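My structure is below; once you've seen it, I'll send some questions.
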Amino acid sequence: MSSPVMALDLPPLAELSPETEAYFQKCRDKLGLVPNVLTAYAFDEAKLAGFIAMYNELMLAPSGLTKLEREMIAVAVSAVNHCFYCLAAHGAAVRTLSQDPAFGEMIAMNYRAAPLAPRQREMLDFAVKLSETPDRIGEADRTALRNAGFSDRDIWDIAATAAFFNMSNRMAAAVDMRPNDAYHALAR
Amino acid sequence: MSSPVMALDLPPLAELSPETEAYFQKCRDKLGLVPNVLTAYAFDEAKLAGFIAMYNELMLAPSGLTKLEREMIAVAVSAVNHCFYCLAAHGAAVRTLSQDPAFGEMIAMNYRAAPLAPRQREMLDFAVKLSETPDRIGEADRTALRNAGFSDRDIWDIAATAAFFNMSNRMAAAVDMRPNDAYHALAR
Amino acid sequence: MSSPVMALDLPPLAELSPETEAYFQKCRDKLGLVPNVLTAYAFDEAKLAGFIAMYNELMLAPSGLTKLEREMIAVAVSAVNHCFYCLAAHGAAVRTLSQDPAFGEMIAMNYRAAPLAPRQREMLDFAVKLSETPDRIGEADRTALRNAGFSDRDIWDIAATAAFFNMSNRMAAAVDMRPNDAYHALAR
Amino acid sequence: MSSPVMALDLPPLAELSPETEAYFQKCRDKLGLVPNVLTAYAFDEAKLAGFIAMYNELMLAPSGLTKLEREMIAVAVSAVNHCFYCLAAHGAAVRTLSQDPAFGEMIAMNYRAAPLAPRQREMLDFAVKLSETPDRIGEADRTALRNAGFSDRDIWDIAATAAFFNMSNRMAAAVDMRPNDAYHALAR
Amino acid sequence: MSSPVMALDLPPLAELSPETEAYFQKCRDKLGLVPNVLTAYAFDEAKLAGFIAMYNELMLAPSGLTKLEREMIAVAVSAVNHCFYCLAAHGAAVRTLSQDPAFGEMIAMNYRAAPLAPRQREMLDFAVKLSETPDRIGEADRTALRNAGFSDRDIWDIAATAAFFNMSNRMAAAVDMRPNDAYHALAR
Amino acid sequence: MSSPVMALDLPPLAELSPETEAYFQKCRDKLGLVPNVLTAYAFDEAKLAGFIAMYNELMLAPSGLTKLEREMIAVAVSAVNHCFYCLAAHGAAVRTLSQDPAFGEMIAMNYRAAPLAPRQREMLDFAVKLSETPDRIGEADRTALRNAGFSDRDIWDIAATAAFFNMSNRMAAAVDMRPNDAYHALAR
């Protein structure tokens, strides 16, 4: 926390709630760090709590999508938006979960260059189209996902993950959020 | 609730929690309706709760931005993304809060055609640039907001509101969310 | 005519020709107003006459397209160009002719969200593609219209209407034309 | 008139009005040809008359813009829209009026590569911005024209010419209008 | 060589190598001129030699593509990039090789308006897509070329020619390279 | 060389010239590998030699730009074009030459997020504008480089490097060139 995590002068609260402290400790135990996005939100407990709740529900709760698939969506969307923070943090997650560093690089650089199963190609095509031209998504796009084996609940989860990172990418860009240094070397 | 609120077959839970029922009742009392976006999320209590918490924190909690300004950001961003749901729902909010139907139309159609105070023009220029080309936002853009009188906390709120509607617009597009009919006639 | 109808200092002629006066009176009788676009052109009788002749031929003369369909094209094209004047004026016309305010809103906000008959969807897809990427229109696009039941004369009319509003939208933008206030409340 | 002038099966009327015949004869006398765009419109006298009236008012009537300047706008706009018909016909006009074939090529290929007087550079920058992003034209753009010496009436004429070719380019694209062969060799 | 061939102050070497002089003489003999691009590179023998070697290998060496087809690719790509230098020089080549000035104009203005054999349409569609959105080229695009009769070696040549002009167009734009005047009148 | 280096069936020559073999051996000695791009070109000695000559002249010959600066241009341009091959290979080069893995990631993901000296920011802004909209490069852009301390020769080198990777990125995309696996772990 020595160098600033963002370009706005909104330092973390001097005293965080016990729940937040416990959550940050859990991050340190599991990841070895508190993601800088959380430190950025920590100027306001309510905003931080809202972000954590939505994030965990999307990325960690039960879903027809694997955790790796959700991270692939995060990275493919972040590549559309050229988000340095999210490509660093979630690129690391794809490398870790896939145990395939080159695969992580492909998703971050151009998912179309990756050797994807048809199901996953459809999933990322949908996520990227939703990011680039949301007004052109239509029934045909949902049908393509259903034909690739996704349920309506899965479609919700693909959409919600892609939509969330379109928010998060912009939040990071707006305040120049800096990723933790540790991400870069992870799972290389 | 007779015609479907979205294109996915994810009906609301047959039985909602007492907290959710109370919240929906509060909506009916204050707005005369339960916004369809809430009905859409109501297939899952946790997702619904996460959405409501983040939404209310952004749009209703204390902020250096007025509620009207936050709604103006919602509408200008939704115009970039051509989001029918959000333009209908938040266009109504701008008309209601500004008591100026023509002003609401301008923000929804082309905010650059609206007679805006310099502060609000900077605010919407930032929100729209963040929506269209997030990777090009830089210190100069934040400086322009500071020069227009916004604090760093205000900048966070502008960014967070614009980012949120970039999520919400895409969620609505992905599932073809339909706005409540009542919005169209509101505050005309 | 008290507040200016555009940003250029080109006031209407002090004395209009009897033909123009008669036409303006006809507008007042039928619409309750003289559309501001006519007031804007009224600094020059020849330019005004040329505009009125082409406009009436396109929008009112016999055609395989209904008047509502022609107004739908006007609005869908104006949404591409984010033209405040034309969305206000022709949005009102779609609401009036369709007697369906929500339908008018959809065409103005994102025609892809509207429940269109296949014929009308093809018509608007053609008009919007012609607006966005005219150089990519080809025989396949004309064939799609023919397959949807349009004659070659109908195709001309679709093209001419879409092309006209690509002119009119830019004229309105260039001089910051302001729509009559009355449009906003019409047929809500 | 042996090979078709467009892709629609809308042949010219078997018998044209005496006025139209006289006008076509005037074209043959002055230009050595009847421009194919007129032949295309000649399936309907009213539409043809409307097109000719507006075209002549714009391109030939008195104006603060020279005829060459109006043709330069026509060509720069047609380059944005990649309109084969208009680049052929109006490119020939720029070559003829400027007596500088290389200059005509530059305007047709990339007007930014042409050695333009500041006045004409501003004029074409405005025309091209109006063509590409009409919703972003604002007071600053009109001020730039005024600073370059244009009157408000001149601004109208620049706007009207640019707007007209945004219509005409799309009409030509929609029906695959073919330019007269003679244009290609003119003023080389 | 009296007027400058580019906007950078990098004059040709006072003394060129005998090989370069011989090559320039060959150009004068065959084309009647030394192309200005060579004069521009002539400030450095190594850079000039590298450019000539790659250019000649691409445009003149044996290939499944005719020389005209390679020039068509050069022009269609240069139209995407609005490159005045390359459209002038290679437009002349297409006119000369095809002996059809109107055809050369079509490729320079909008290749989609040209009456192309299916093989050549596929070839140019590939070259233009590769220019506009290289990250979206995939196996389906290569398959389309194979189905149109191209071998894998032909595909390499199409790609290499299109890629080369994406370089050359940008080099010309960056230094404002001016084409030799003689090109404009060639093969009209 | 066991898995294919590209999607075209153009295997390397069974027997390479002694010069090429020597060059490949030099690559193995210095880099520990023969870059797959060379293997891809090795189906034809003349094309391979042309590529190597131009590449080495650009990236290794004396220049006012450091080797790191040239690699930064390579990566920033490849990010515009989302080129997996070049981002992998030249991203590794930026990490190696800068000895700063996080810096390499920034240039690959969004160079605007990197803490660049003004000189280098101008350099990359020029390279990226030249990649995205070459037709809009003008004297003002060259002036900005001169003001940042670049000579005309430096400007040539910036332009030539950026232009080259616009070629190379497209070649890689067109044939689906695969980077050597070793790049991914380099200098992490």
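We call the chains A, B, C, D, E and F, going by the order they appear; numbering starts again at 1 in every chain.
One rule holds for everything that comes next: contacts are C-beta pairs under 8 Å (C-beta built on N, C-alpha and C of every residue); 3 or more make two chains touch, one makes a residue touch a chain.
The structure displayed is predicted, hence computed values, not measured ones.
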| item | value |
| --- | --- |
| Chains touching both chain A and chain D, listed by label | B, C, E, F |
| Shortest walk length in steps over touching chains, chain C through to chain F | 2 |
| Rotation angle (°) superposing Cα atoms of chain A on chain E, nearest 5 | 120 |
| For chain C paired with chain D, centre-to-centre distance based on mean C-alpha positions, whole Å | 22 |
| Distance from the mean Cα position of chain E to that of chain B, given in whole angstrom | 50 |
| Distance between the centres, which are taken as Cα means, of chain F and chain D, whole angstrom | 43 |
| Approximate Å spacing (C-alpha centroids) for the pair chain A, chain F | 29 |
| Per-residue overlap in chain E, given as positions that touch at least 2 other chains | 82-83, 110, 135, 138, 176 |
| Inter-chain touch pairs (all) | A-B, A-C, A-E, A-F, B-C, B-D, B-F, C-D, C-E, D-E, D-F, E-F |
| Touching residues on chain B, where the partner in the complex is chain A | 7-10, 43, 46-47, 49-51, 53-54, 57, 61, 81-83, 126, 130-131, 134-135, 137-139, 142, 152-153, 155-156, 158-160, 162-164, 166-171, 173-176 |
| Residues of chain B that touch chain D when the two form their complex | 110, 112 |
| Complex contact set, residues of chain C against chain B | 79, 82-84, 87-88, 101-102, 105-106, 108-110, 113, 176, 181, 184-185, 188 |
| Interfacial residue positions of chain F with respect to chain D in the complex | 135-136, 138 |
